[in-house]
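Heads up, there are several structures right after this.
Heads up, the next two complexes both have chain A, just with different partners, chain B and then chain C.
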Partner chain A sequence: MEEQGEFVIPATPQEVWDALQKPDVLQECIDGCEEMTLTEEGTFACVVAIKVGPVKARFTGTVKIVDPHPPHSYFLDVSARGGGAGFGSGRAEVELQAVPEGTRLNYQVRGTIGGKLAQIGTRLFQSFSRKMTRTFFERFSQRWVR
Partner chain B sequence: MYTFNFRRASNLDEAQQIHQSSSDAVYVAGGMTLIPSLKLRLANPDDVVDLSQIDGLGSISSADGVVSIGAMARHCEVAATSDIPALAALANRIGDAQVRNRGTIGGSLANNDPAADYPAAVLGLGAIVHTNARAIAGDDFFVDLFETALDEGEIITRVDFPIPRRAAYAKFANQASKYAVVGVMVAETDAGIRVGVTGAAACAFRLTSFEEALSTNMSASALDGVEVDSSDFNSDLHASAAYRGSLVTVMAKQAVDQLTT
Partner chain C sequence: MSAETGIGASVLRKEDARFITGKGQYTDDISVFGQTHCVFVRSPHARAKINGINTDAAMAMDGVIRVFTGDELVEDGIGDLPCGWVVNSKDGTPMVSPPHPPIATSVVNYVGEPYAFVVAETLQAARDGAEAVEADFEILEAVVDTATASSSAQIHENAPNNQAYDWELGDREATDAAFAKADHVTTLDITNNRLIPNAIEPRAALGSYDAASSTYTLYTTSQNPHVERVVLALFVNVAPEANLRVISPDVGGGFGSKIFVYAEETAVIWASAKVGRPIKWRADRTESFLSDAHGRDHVTKAELALSSEGEMLGLRVKTIANMGAYLSTFSSSVPTYLYGTLMAGQYKTPAIYVETQAVFTNTAPVDAYRGAGRPEATYVVERIVETAARELNMDPVELRRKNFIPPDAFPYQTPVALEYDTGNYAASMGKALELADSDGYAARKAASETNGKLRGRGYSCYIEACGIAPSQLVISLGAGVGLFESAEVRVDVSGSVTVMTGSHSHGQGHETTFAQLVSDRLGIPFESVNVIHGDTGRSDYGLGTYGSRSIAVGGSAIDRALDKIIAKGKKIAAHMFETTEDQVEFAEGQFSYAGSNEPKPFAEIAGAAYIPAVYPLDELEPGLSEKAFYDPKNFTYPAGSYVCEVEIDPSTGVTEIEKFVAVDDFGNVINPMIVEGQVHGGLAQGIGQALLEHGIYDGDGNLSTGSYMDYAMPRATDLPDFEVDMTSTPCTHNPLGVKGCGEAGAIGSPAAVMNAITDALGVKDVPMPATPHTVWETIQQGA
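Up next is the complex of A and B:
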């Protein structure tokens, strides 16, 4: 699975960078995120309940920030397990760039899913991940639109 | 399968009451998506509320230019109707015989699978979805991936399809599942030309650029050069987004050819 996109956020790269490191901000913006804790500098543990049509599963995972260049770019390594439902892992490359409207965030994701979810889910996975990403950045941008 | 309580409702109010009083309940209509999900342990509800014994939910009738199909009508029953041949033909190509004998129109619409056939018919024919609480215009019903305008616990009771002057449905089916890789319903209705597309994106949608082109000239050639924006289309191991974009045009042309010959 590969996915890329960009969003423009009405804030400076530094503000975006800082917000993206805060567990409470991430929890608020990730749809279905029930827990997000900083376990050590640059590593988060999370619990996310997902619902895709008839499928409901609770994933526990870790998110690790790799090779950070504040406030310009970093990699996110993500791995998650959903009990009997399956597992997933991936790497996202995130780049921040100052633009007149605020900050342009570019992301590129490569990931794989396995287990039962992969058997029935590949058909839906991309649409689902796109929806999650869109929701995330909509909520994230809302922080600066008051 | 995990354990759950099987609750059989005898009327709509009872079904909704059970749903409300449960911490995690799902309705089962035909169960063609829900039961496999339960068996794979991809869903774990406390209560499964069966709608199959509720009176009148499965009836099909036709009056005043409208075909009214009860939510629990099976695909095979819709396939046997005659007032809207395009709708019957669509129902007859859903899944396999077993699915058509069990699956229901209400279940399919409430589930809103991005590759289901009925959403293309609801949009293409301008149907109205009736629930136990209200009537929802087909155009407003499909919101996003597996997401509809239905509120939590709301139950579809019937779908009213206005009989079109002429209509046709063409789909490119996945060979294993018979789900629509892309399916297109083209209809000439009293309210104008309508084009409903399923399978291509996160949920079914109307393609207004095709509707406009066909309004001036109802022929396949009218769609030549009309761009389809496939940037948000689905991409999976069966078909890339660009391929689905191309299929939308090909299927729409096939549907137009069907209804003009």
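Up next is the complex of A and C:
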């Protein structure tokens, strides 16, 4: 599965970069995120409850920042398991670029899902992940909008 | 007997009273004292090594009784699930059959393969337990694609190139020679889409062990309980055959998918002794999608050599058949002996050469599905014949007529092993054209054009081989089972009759059809015949129901047993008449003797048999109960002509089937209503394959079509009002002259639909299923 997109955030690249490293910010912006803790430098453990069509589950996973170039780019390696509901893993490439409106964030995701999620949710998962991403950046951008 | 219930009468089905009032007894309806529930833990990966399974958390959960892994079955001597037909490759080497433990031990090879199972007090507890089982998987590269499987990562240690076998049939040199002298060669690259069977009732099993008698009882959704029993006894080593009773109660559809011996019932019956309590399992729908044997999945290159006048000279077919991860029970025979042998179709093509390479992939096993090889063969033959006609600018009907095996050529030996006993293909074709209002087609096409629509017409003249036989020939070709059928006719003291058949009904209506046969021959009321099937504890060894064999083989066995009943009845009657048995006649339910004006009704002879007052018991045993085992001399060869007319909206790609005519030759017919119903069901499935159904795995081996959200079944609104009719050339080698009708519709219809669609679009091929999206894209590519 592949996906890409971009968002413009009304903040400087450094502000965006810093915010993206904070577990409380991430927890607030990820829909359904119940826990987000920094386990070591650049590695987060999280619990996210999701519902994709008929599949509803609590996923536990790790998010690891790889090859960071602050405040320009990094990779995020994500893997999560949802018990009987399935599993997912993938890598996101994130790039930040200063633009007159603030920061343009480009992302590109390559991932796989498996288990029940893949059997009864593949088609729904695409739109689910798009919605989840949009929600994330909408909430994230709100931090700088008053 | 009476015209209302005898042979040839459309008697309403006896069994429907219970089915349509919700009183059927399916496996999941049966509950026994102390019953536990079972859930299978299934692989989420298409291919992975199992480095360890942790069942501790599951075992500690409330309500969980036991958690079993594959190793425990192996340690207890439980064997692999076997494939019952050994197919040899071209070089004479036997096929590669990889180890197939019922519950995976060291590797998993498809998503949905079970690697553990949880037995619990309740279904919910078993489900929770199953979610708590943890396995350490090392994920390996999955092989999914049929066409490239042989050049992909090797799945099984003993199967280089992922090949099960590379088989051939026919005369290669003669075929090459035919191509050398051909004026025209038509080439077609086609795929036969993977299908997932989807019986309404999912598979289920209820196994129990009785320690007092050391016997096991398994209720399960099997099309052939005796075969299930012999496999569980002889190959899987669950228990001696005599200590194992398999009962298939009401079964809600099978279509082939319930022929096979699966992991689940094996695990359930074995574990029932370990747990000391009965265990029930029933698949949920997604489980069925993942773990039922799938159907079709061929990639084929076909070439047809013709003279400039349209005479078919030679046919060359090369097919790659996807077997899935393991060889299921009868899978090896499907793309070979049930496929290559049908390549002559209805035609006198003198030279045919067929090659089939069977490959493994990390997908669910593929095995027989309604038609089993014959729909795939018909699709190849009928698509290429129609394509050839278009290339030669000939009417496809004329091309077929020119090449039909003529009625006076029977028995006809084809170049691909079969000997057709009888048929009249032009007669079916003529009737089909009449019903299809062939003369009015040009006007209908013009009307469609006026409305901005595309109209097309396609034909399919299929042949199938039913009632696979005879045993000795088929065993010599590698089959590990006999292909006869058994019957027992027990005449009760009062003259009513109980019939035990080894064939099984899971929607076919045996209880009605077989009762009609018995009542007709014995001249007794239809209502006094009771047909029993599906229980190894009640009937002799039988082979079950598949390949449209029930009436041709099972019905013939009953007919043979009835011969014996009548013969014994004559002996008894002879004593009552004080004459010799050769002087006794039996007709219309009466034993008569020319020297007496008081014929003896059947019931009176039955009574006399059990109250043996009039005949010497040292010459004649009391009672009136006879058995027969019938082994056919040949297959039967139902054949027919189908015509499909479609109208396509080029702006949406939506295909409407405007007309579908099916004219079949099933030989003699016992119950025309039931036969017509079978044709309707078959057509729905064939049209489903052509327009809607497709089992798809993604590149990682996830089944993308694992529910009804993503797998499209045909619905009533997708189907036209079928026009169904029949011609008849009775089978020459069975006593009833019957051929079998269960699969015909599914065999003949996909080619008719796709020939119509390609005609409408003016293209050579459209891949099945021809969904609106696919059709629309095809139109855009041409524009």
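Note that in this section the second predicted complex is superposed on the first by the 144 of 146 C-alpha atoms of A that agree within 3 Å, B and C clash if a C-alpha of one lies under 4 Å from a C-alpha of the other, contacts with A are read in each partner's own complex, and residues count from 1 in each chain.
One rule holds in what follows: contacts are C-beta pairs under 8 Å (C-beta built on N, C-alpha and C of every residue); 3 or more make two chains touch, one makes a residue touch a chain.
Keep in mind it's a predicted model, so treat the numbers as computed, not measured.
Q: Specify the outcome, clash or fit, for chain B and chain C once both structures are aligned onto chain A.
A: Taken together on chain A, chain C would clash with chain B, as the superposition shows.
Q: Check the residue A:131 against both partner chains and state whether it touches chain B (first), chain C (second), both, or neither.
A: first
Q: Is A:39 in contact with chain B, with chain C, with both, or with neither (first, second, both, neither)?
A: A:39: touches no partner chain.
Q: May I ask you to decide whether A:84 touches chain B, chain C, both, or neither, giving the answer as first, second, both or neither?
A: Both chain B and chain C are touched by A:84.
Q: So, does A:112 touch the first partner chain B, the second partner chain C, both, or neither?
A: Once the two structures are laid over each other on A, A:112 reaches chain C alone.
Q: Give one of first, second, both or neither to describe whether A:53 is in contact with chain B, with chain C, with both, or with none.
A: both
Q: Do chain B and chain C touch any of the same residues on chain A, and if so, which?
A: Residues 53-54, 84, 116, 119-120, 122-124 of chain A touch both chain B and chain C.
Q: Along chain C, where are the residues that touch chain A in the complex?
A: 44-45, 111, 127, 130-132, 286, 289-290, 698, 700, 702-704, 706-707, 709-710
Q: Quick one: in the complex, what on chain A touches chain B?
A: For chain A paired with chain B, touching residues are 52-57, 84-85, 116-117, 119-120, 122-128, 130-131.
Q: For the complex, give me every residue of chain A touching chain C.
A: Residues of chain A touching chain C: 53-54, 83-84, 86-87, 112-116, 118-120, 122-124.
Q: Spell out the part of chain B that touches chain A in their complex, as residue ranges.
A: So the residues of chain B touching chain A come out as 26, 33-34, 36-37, 40-45, 111-115, 144-146, 179, 201-202, 232, 234-238.
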